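One structure is given below, encoded as structure tokens.
So that you can tell them apart, the chains are marked A, B, C and D in the order they are listed, and the count of residues begins at 1 in each.
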Amino acid sequence: MSKKHLKVAVIGGGSSYTPEIVEGFIKKYDEMPIRELWLVDIEEGRHKLAIVGELAKRMVEKAGVPIEVKLTLNRREAIAGADFVTTQMRVGLLEARRRDEHIPISHGVIGQETTGPGGMFKALRTVPVILDICKDIEELAPDAWMLNFTNPAGIVTEAVQKHSKVKTVGLCNSPINFQKFLAKEYGVSESDVLPEFVGINHLHWVTAAYVNGEDKLQEMIGGGKDYSATNVTKFDWDADFLRSLGALPTYYLRYFYMTDAMLADMKESFAKNGTRAEVVSRVETELFELYKDVNLNEKPKQLEQRGGAYYSEAAVNLMHSLYTDKRDIQTLNVRNGNIIGFLPEDASIEVNCVVTAQGPIPLPLQRVPEQIKGLMHAVKTYESLTIEAAVSGDRGLALQALVHHPLVPSVAVAKLLLEEMLEANKDYLPNFFKNETL
Amino acid sequence: MSKKHLKVAVIGGGSSYTPEIVEGFIKKYDEMPIRELWLVDIEEGRHKLAIVGELAKRMVEKAGVPIEVKLTLNRREAIAGADFVTTQMRVGLLEARRRDEHIPISHGVIGQETTGPGGMFKALRTVPVILDICKDIEELAPDAWMLNFTNPAGIVTEAVQKHSKVKTVGLCNSPINFQKFLAKEYGVSESDVLPEFVGINHLHWVTAAYVNGEDKLQEMIGGGKDYSATNVTKFDWDADFLRSLGALPTYYLRYFYMTDAMLADMKESFAKNGTRAEVVSRVETELFELYKDVNLNEKPKQLEQRGGAYYSEAAVNLMHSLYTDKRDIQTLNVRNGNIIGFLPEDASIEVNCVVTAQGPIPLPLQRVPEQIKGLMHAVKTYESLTIEAAVSGDRGLALQALVHHPLVPSVAVAKLLLEEMLEANKDYLPNFFKNETL
Amino acid sequence: MSKKHLKVAVIGGGSSYTPEIVEGFIKKYDEMPIRELWLVDIEEGRHKLAIVGELAKRMVEKAGVPIEVKLTLNRREAIAGADFVTTQMRVGLLEARRRDEHIPISHGVIGQETTGPGGMFKALRTVPVILDICKDIEELAPDAWMLNFTNPAGIVTEAVQKHSKVKTVGLCNSPINFQKFLAKEYGVSESDVLPEFVGINHLHWVTAAYVNGEDKLQEMIGGGKDYSATNVTKFDWDADFLRSLGALPTYYLRYFYMTDAMLADMKESFAKNGTRAEVVSRVETELFELYKDVNLNEKPKQLEQRGGAYYSEAAVNLMHSLYTDKRDIQTLNVRNGNIIGFLPEDASIEVNCVVTAQGPIPLPLQRVPEQIKGLMHAVKTYESLTIEAAVSGDRGLALQALVHHPLVPSVAVAKLLLEEMLEANKDYLPNFFKNETL
Amino acid sequence: MSKKHLKVAVIGGGSSYTPEIVEGFIKKYDEMPIRELWLVDIEEGRHKLAIVGELAKRMVEKAGVPIEVKLTLNRREAIAGADFVTTQMRVGLLEARRRDEHIPISHGVIGQETTGPGGMFKALRTVPVILDICKDIEELAPDAWMLNFTNPAGIVTEAVQKHSKVKTVGLCNSPINFQKFLAKEYGVSESDVLPEFVGINHLHWVTAAYVNGEDKLQEMIGGGKDYSATNVTKFDWDADFLRSLGALPTYYLRYFYMTDAMLADMKESFAKNGTRAEVVSRVETELFELYKDVNLNEKPKQLEQRGGAYYSEAAVNLMHSLYTDKRDIQTLNVRNGNIIGFLPEDASIEVNCVVTAQGPIPLPLQRVPEQIKGLMHAVKTYESLTIEAAVSGDRGLALQALVHHPLVPSVAVAKLLLEEMLEANKDYLPNFFKNETL
């Protein structure tokens, strides 16, 4: 790509995360000359879009780069001719997240917005909307790359790859965070480390941790070195377990490996303060108060505590490598192919990739520990079934997805949750209520 | 095989099941001329062997067939030159089964002797003993077929296939029972039905049920027709679940699909009457009282209630087909090969096979429902890890097997159970206590 | 299938082979009550159909079975409601065969009607006609089984499986002949032998030869025992070659393993007497002279020398097993699935199958010698490309198929042959001359 | 690797190619500080080693870099503690090459030192010697990387990967030449192009040719742009063939796609001037005359015409990327894994790889044209069988390898060639004459 005038459309541009990605574009401007940055949102987000959009303009102005920031509620206008489209949105807003978390926990099941019943319903709401956006991209910007960091990112990415022609990559900040953690632990630069990730989005294991070419994984396991994130309660891993596992599980795996403790903790919090939806709601309100300040012309420090740290750095790095054919290694959500032999070729997986101008090419894995295969297979199958349920509105498929999710204790509970959550999400699930609307 | 003088060795010949297999041999004598039937047991089983052995002799005498019944505690003598060796044994006797059931349930986990923590410990005790028997077979009867119906049959069969050169097949009575149930439901003969089984031992699904060439599965699902067994509590399957599953799960799958209800039921029974170990203990005592009767010269009716109905019919059918190159279809535990693509080639699976003189050849499956793959993969991985743990005495492997079993709720519980159960089984697990014995 | 009134349609019913299949139906009448036998042919075959049809009627009458023989040029009438449809036809008649053989040999390339350039052109002519027949079957007899023994049988069968919904099986007489040969060599009945065939139609290897359960293959190789057929020149196999191959190649493999000698022999015959097309032409004339005899009311002995010996026995056996759910082992051309791992799942292969009422299920292979894989892969790829070329009329695909066939010495020769043979077959290849007809 | 004092051992250091690799080391000295360069050869090469070794010393001196050049006939001394070992040798010297070319052509078969009968015998002579070297490396430099550019490079690399623990990569100059050709054609720098190679050593196809991120392959095919090399006669590719192939074949594929023309050309040359062995012999003599000149202190231009242009650049690039964990894309001969699904996992293939400090990781292929699979499979199988024949001395394996090579016309010719070539190479094939030496 020798193109010198890039256009980016940010779907869900009114998000509190936007200042981060704007900062990223500013920093990389010399190597990746974005000239048009379209922030697009829906009617319900008009107010937030205005606030964050003005901040973006002030940031660009301060930096002195010729990026034109455009605010719009007209998605098609934003997408037309774009080189990159990013998606960061929440169908049903925070209120939907609250339900995704509250309903399961009230029935004694982990309530979490990226996996389990909560994750499934977030996916059921989001997939049809994303596929609708894809139709616009197919028509108006067929060569654009869509960078998806809407959760559950693995499901959403796989849905796009299966049901549209749009070129897409899914992104999570967890790998880049581990890489930074590793570099910091060993006092080297980020380019000197190379962890190997095995798995799918929010369900991966680190199976090697090269620092200047030497694998430090055993040392890390032995020394109890672990990374975590602010949005998942940090219980310590059992040392014998890690040693015999021979890998470091991502912090999200606590939901699976410490189900009892996580559930107890979640129940306790729920009784006291509600769930993470409430925390995020408060943080968001505070952030937008800050953003309103007309003297603010850079990303405020407080944003880093929001949970999605370095998401935007990951996104900007990816765009940059696609644009410059950089051929560096990044950890991304891509089509499996033959990388993980027991999963379908068209499943999305989260692994190291070489990013070329033609897109990311996943790298063969050096080792997949036997013991993790069943869990990975079960969750991936739940994901693929969820996509088919979202597209078809088939309740039987949704039931099968839920029953076979490892965090759901029985067919009976699955059925109860399914019915209650379908009803609660009725407004966002037209596919599931097609016949009733007649 | 045109051989006319067959020798069979029954390891664990003092079992209460023996009259069944003796009856089977008598019925098929004309087509499969067994001339020597060696019942072999260990010192602790001497008394039971004597009782059941005398009954066997009376049965043969009454039938007027020239089968010579030999009783021995010398395993090598029984195996030498045998054409078939069957194994039906319980390392640690019923007392061990009691512990396999009691310890998990006392920690709130399903306690069951063929899967979960209980199944794992039964396997850890049994595998080394079976492999020891295999060494004798390799030396003294290298052409013999070993028919294994010692539980957990899938694990034991896979262990033999991986760690010895003995030709082996694993057997369960569940498939033959379903076949009989299906034939009875439709009022046809057993040879007119052909169900398709997909899965592994005690974790299979029926995905087609041909009756005179027509698939009656949907009809059965719709009509709520289901088969079960006396040893697993019969809760009804949810109709929506079965319909969307598009398959009939074996009754053992209730442990996985109805974990909450099964657990509650098990806890209640445990509090009242103990577990199934106690039931079996009482039944056994009664059976041996019957067997002592010198006037008894046929299999007593009461044996059929013992739980393993038609095990012996299955075993005799298999021997007969191997001996006569019958090439009929039977459901057996065999090496996977490429039948279930996501499992290792050397895993044991339970599927339809054509039985030739060279052994059973598994038949490709017409359909494997997506949703069951993860669960099957997880349990098979637990099984394979259990074998490696049994052979090596590696506690780390045992921990990984247990943690990744879907019925175990967390690493913490897995560790607790592992430690308590290792200690309780110390006498039968020399591999795990090698260093301490110094 | 408990149906008692079966209808069979024989496409190409005017073939000289028809008396054989009629004899087969008569012999099996008690177990497989065919009540309507429709012999259908095209206008050009009207005369032969009349002759052979009358013979068929006399045969049935003599046998005293209630099979109604119907002669028609109306294919749809014959197919409507049929239980079985068989195809035995030659698009372009013997004159086309002559060209398939003559043109290649005149350019120094093996000219053979089932493989190489000749086989490719036979396929290009036949596939569109067969697919047209399949449309009728889809509409008028959707539950019928189509038994294909039109050559090249592997290609034709794969074409039907890929491009129609018709249930089909491909048949060759080579496996049944080997089975008979093996039984005769060892003086046992045919049901006591079980050879294992590995490969694709006309390109298979026998990798085991069980006689009463014992593998006699090495003995056969050592003793120089080999089977052959009248239509392929019989040069002896090199003993060292067979020994190190560890398998018996079918006689068709002489074209590949003895290309130089076969070519020399073919050139010599060609110069003297023309090719096999001329021989067959003479035999056919003689046979139809015999058939005209109104006193003839059984299959004449001379038919057995025709080359396709036991084709009809194979066909009748297959129908019988499908009808009775016999579950016996037959060697058939079926969809690969996972049987031969390196070939596409939808490729047709020729292997042992268990024949149930639902159709043949291919059996996993015990062993595929490494050395034969490349050759098998190359010829199968030529076959699959030929199908796509036949369906699309794409000359590029046809060129690629021909270039990559192991009997074609270069791109230059492939191109020359392609152009000359396309022109010579113009009347039968409308797909390839679509644009010219405007 | 932060190591600052690197040691390299060049096995076959007396080769005429050595000045090239020395030049490469000099150029990259700042980034890859080689301090010891051991040139090792056998007694027969002592004279050439002395000449080329002195030239190497003069080159280093002129460049002013602190590389110590050491000459030795003691292989173990050279290997001990080495970081990199390269192999560039010819077992049996040019006289053996002459036989590899002459004997086949005298029987009407392509005589070529990297494939067919000639390649097979070069491999049979070389593999045991290479594995012997590997034993030294395992003992004396277990962490060293062995870079193999001894032909047939694919076979030799696979042999090392299968039969030793040495970390190895195989190298060919053909890919780097294509890359340079592509860059030159489009007037861009080499880092702006990225061709995709599919296949195995000397049998690859270019299936994409990205120039600044855009695929120019169709344009190249349409425009008749092709690359070739001095050592293979350049006949033009047929345009229709290339178009329908959708890929560019390497020039070595002329032996397979233009067998008739190549053979005719080879026979003609052979009759006139002998084969390439004679040409190379003359070139070598001239080069060593040049090298003797004590005033020469840089690589002479004439070396570039030697045939192996840019071999050393490829080798130095690879070492550099391994040393610096560069993670760039290079085309190398590595273990297949799952990259080419129909080949064994332990086969060597020649594809794009990312080179990390842990070694090259092969990249999944975007597309493998169907038509090339059979040929690739056949040649790879010949290669793997050749390795087993070389290691075991089994004539049956060697016969199977030869018979199944696509350039060998029949079993009869294969046997003839095998016997004559075994006898002619007797001195270098002790494995094949073990029994006779008693």
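Basically, contacts are C-beta pairs under 8 Å (C-beta built on N, C-alpha and C of every residue); 3 or more make two chains touch, one makes a residue touch a chain.
Just so it is clear, the model here is predicted, and its values are computed rather than measured.
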Exercise. Quickly list, by label, the chains bordering both chain C and chain D.
Key: none
Exercise. Taking all residue numbers used at the chain A/chain B interface, answer same if over half belong to both copies and different if under half do.
Key: same
Quiz item: Which listed pair, B-C, A-B or A-D, reproduces C-D with over half its contact pairs identical?
Solution: A-B
Practice problem: Averaged over CA atoms, how far is the centre of chain A from the centre of chain D? Could you give it in whole Å? | Solution: 46
Practice problem: Go ahead and note the Å separation of the Cα centroids belonging to chain A and chain C. | Solution: 56
Quiz item: Which chain C residues reach two or more other chains?
Solution: 341
Self-check item: Graph class of chain-chain contacts, one of line, ring, star, complete, other
Solution: ring
Quiz item: Which chain A residues qualify as touching chain D in the complex?
Solution: 1-2, 192, 194, 210, 212-213, 325, 327-329, 337-339, 341, 354, 356-358, 361-364, 366
Quiz item: Along chain B, where are the residues that touch chain A in the complex?
Solution: 237-238, 240-241, 243-245, 257-261, 341-342, 370-375, 377-382, 384-385, 395-397, 399-401, 403-404, 406, 409-413, 415
